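First chain A sits with chain B, and in the next complex the same chain sits with chain C.
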Partner chain A sequence: MIATLSWLLPAATSEDGGFTPPTVGEFFPGALFFANTPFAITRINLIMMLMAGLLCLFMVVAFRKPALVPRGIQNLGEMMVDFVYKSIVEEILGANGKRFAGFLVGLFFFIFFFNIAGILPLIHISPSSVIAVPMVMAVAVWVVFNYVGIRKHGLGHYIAMNVFPPGVPKPIYLFITPIEFISTFLLRPITLTIRLLANMMSGHLLLVLFFSATWFFLLESDGLLKIFAVPSFLMGFAFTLFEILVSLLQAYIFALLAAVYIQGSLSEEH
Partner chain B sequence: MILGQLLGAAAEGGEQPSILFPAIYDIIWGGLSFTIVMLLFWRFVLPRFSAVVAERSEKIAGGIQRAEQLQDEAAAALAQYRAQLHDARAEAARIRSQAEADREAILDQARREAAEVAAAIATQAQAALALERTKVIAELRGEVGAIALDLAGRIVGEAMSDDARARAVIDRFIDGLAEVSSVADAGAVAQDRA
Partner chain C sequence: MEYLAEITGSLNTIGYGIAALGPGIGIGIIVGKTIEGIARQPEAAGVLRVNMFLGIAFTEALALIGLVVGFVFT
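Presenting the complex of A and B:
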């Protein structure tokens, strides 16, 4: 048990030539092309392109010739888009949602395809677990909801309605205004980023931990210790299933929060 | 140590970048993928999705409307059919009773005509019969007279040819016969009638 815990601490046991636990180095693979330039391409960047390409391919095939009676891939694509559209766009934004449907549904599918790469055989790492990806998306959401709010209410009114919530005694604004400002304009993108990033990183580290432990027990440990390969593998398998859920859930939460933020910017009172 | 890695390994010699500071190439490739996917959804997927869903719901709504219309038409046709059926039944009943009446009339007519014809035939036959009998009686009267005379002559032994006495005897005798035969005739005619 103590040994198990020590694996969680990177480099804790690697010196004695035994088990080497995963480190965050996992998320910084070396460049394969264009090293040391801004356009360096690492393994994770290749996975980004692959997953984005797969998503585009799937959607193009599904909606290339939409038939009134959907079948095959169109049916699947429609069901998925319909689910996201109904449960996020219509649920949160209602009739206003049509304008943002492409953004929100696209967000969901982009995140989901990136997330699910974490459990795909031979890929086994999610591009969402490098901070640039969630950050880019969080910035996009930030830009969209602020742009929408400013377009609708004007800059002054938009900021005022966000930092001066109505129905509060005047002196309280002294505390509430900075808090509201920070939470709306700074913390929203940060929490969006960290929530997704941390989920995908920890998921990946857990999978690597359990499967490399399985490998270690099976091949390199002595005698009875080999038995530990079984629970270790089962845990890895269970977490693989769990990761599917997490992939969906995080994509859903990200898109849902984006919709909620947009709705907040559109509404008259805040 | 984990915390150190989270906050940036730059302090430890810059061998490993911080997980909280994005690499420029990750931003570029991630941003590029993101932009492409977003454009695809914005320009391609959602417009087509909305279009096909709208078209489908329109089709379904239109179909329901058409079905309702057809149902109304069918109901109207059924009512009309029922009315026609009712009329046809009444007509049939009327024709049947008419035919019944006609049949009775025709039968009556035929019966009457048959009776008339039968009566005419019977009358005619009786007339012919009577005529025949009269003729036969007349002939017989002559022949029987001759035969009786002959017989009587033979019995008496002398010829009773044409003298007045003999004729008077014969006439009296035949008159007696005629009375007997007319009574017999009346009996025969009564039997025919029955």
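Presenting the complex of A and C:
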């Protein structure tokens, strides 16, 4: 069991047994299966499958036999779904938000489960910290908010509504139109991607920094320097707790921004 | 030519430090104003909190772009 799990872990020490600080290469592990094909499966892909499986399992266990008075894991599941539904769907989209509830709740849970992998023991890296995952989700949000906007207003009106904000003196449109176009249609998915990616990446880097410093001070340094392992470990522990908060917050913010963008393309002229 | 001081290592770290300044101030203002608003009108806390997270998300994006740029332009 331990052997299989440690096979999944990146090498912590080099061959000669000395201390080697982890590098950014950790985000790009080598292929484990199907190497040199487009379907190469790396450690991070395995984590994605594992977390997606866990999410399915959680949902099935929580809502398989729904009781009127929820208990145990159903309580947890209902609490989280309720949180997304009340604080994102109803708050932002209002009455006509019900048809997006599935999309937004799915987005929230998917991102949360992927993020939380960053602090799970023996996994320790979040799939959201490789660019593909946040990018695909941001593109999904981009497609959805443009699709509903075009469906509701028609293509021409939808674009005009976004790039010509009303109540602006005519000559100013010369400046505002390109800015609005870039910020609505290009920067929105890019910032969605970068926000999630950079948050998870920097979180991982912070944890690696503190725990590898603990390792270094405790095992490699000599004399009084060993004392520094204590504050380093405590900081690492504190940031682990902080990472739980960040995982939840980033999932919330991603779903919230998706809801705001959908609301923006659904609403009448504002 | 003689140098008074010399920098070795990556300038990216300094760049990220500078990039974090503005968003840091911005997030401080956003959260501070939200708390002020909640203190003045506690029943508006729900709406204010949502808008606070939105504002933080937009402001924070700048700092995060600074972080990513450090990796991209090495």
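By definition in this document, the second predicted complex is superposed on the first by the 247 of 270 C-alpha atoms of A that agree within 3 Å, B and C clash if a C-alpha of one lies under 4 Å from a C-alpha of the other, contacts with A are read in each partner's own complex, and residues count from 1 in each chain.
Note that a residue touches a chain if its C-beta (ideal position, glycine included) is under 8 Å from a C-beta of that chain, and two chains touch if they have at least 3 such contacts.
If you're wondering where the values come from, they're calculated on a predicted model, not measured in any experiment.
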item	value
Superposition-derived comparison: chain B or chain C, residues of chain A touched	B
Which superposed partner A:Val24 touches (first chain B, second chain C, both, neither)	both
First, second, both or neither for A:Leu57, with chain B first and chain C second	neither
Which superposed partner A:Val168 touches (first chain B, second chain C, both, neither)	neither
Touched partner set for A:Asp82, first chain B, second chain C, both or neither	first
First, second, both or neither for A:Tyr252, with chain B first and chain C second	second
Which of chain B and chain C A:Ile244 touches, first, second, both or neither	neither
First, second, both or neither for A:Val230, with chain B first and chain C second	neither
Residues on chain A lying within both footprints (that of chain B and that of chain C)	24, 197, 201
Chain A to chain C touching residues, read off their complex	24, 87, 91-92, 191, 194-195, 197-199, 201-202, 249, 252-253, 256-257, 260
Complex contacts: residues of chain C adjacent to chain A	46-47, 50, 53-54, 56-58, 60-61, 64-65, 67-68, 71
Footprint of chain A on chain B - complex, ascending	1-2, 5-6, 16-17, 19-31, 33-34, 36-38, 40-53, 55-56, 59
Sites on chain A touched by chain B in the complex	9-11, 23-25, 27-28, 31, 34, 37-42, 44-45, 48-49, 51-52, 55-56, 59-60, 63, 66-68, 70, 77-78, 81-82, 85, 98, 101-103, 105-107, 109-110, 127, 130-133, 135-137, 140, 197, 201
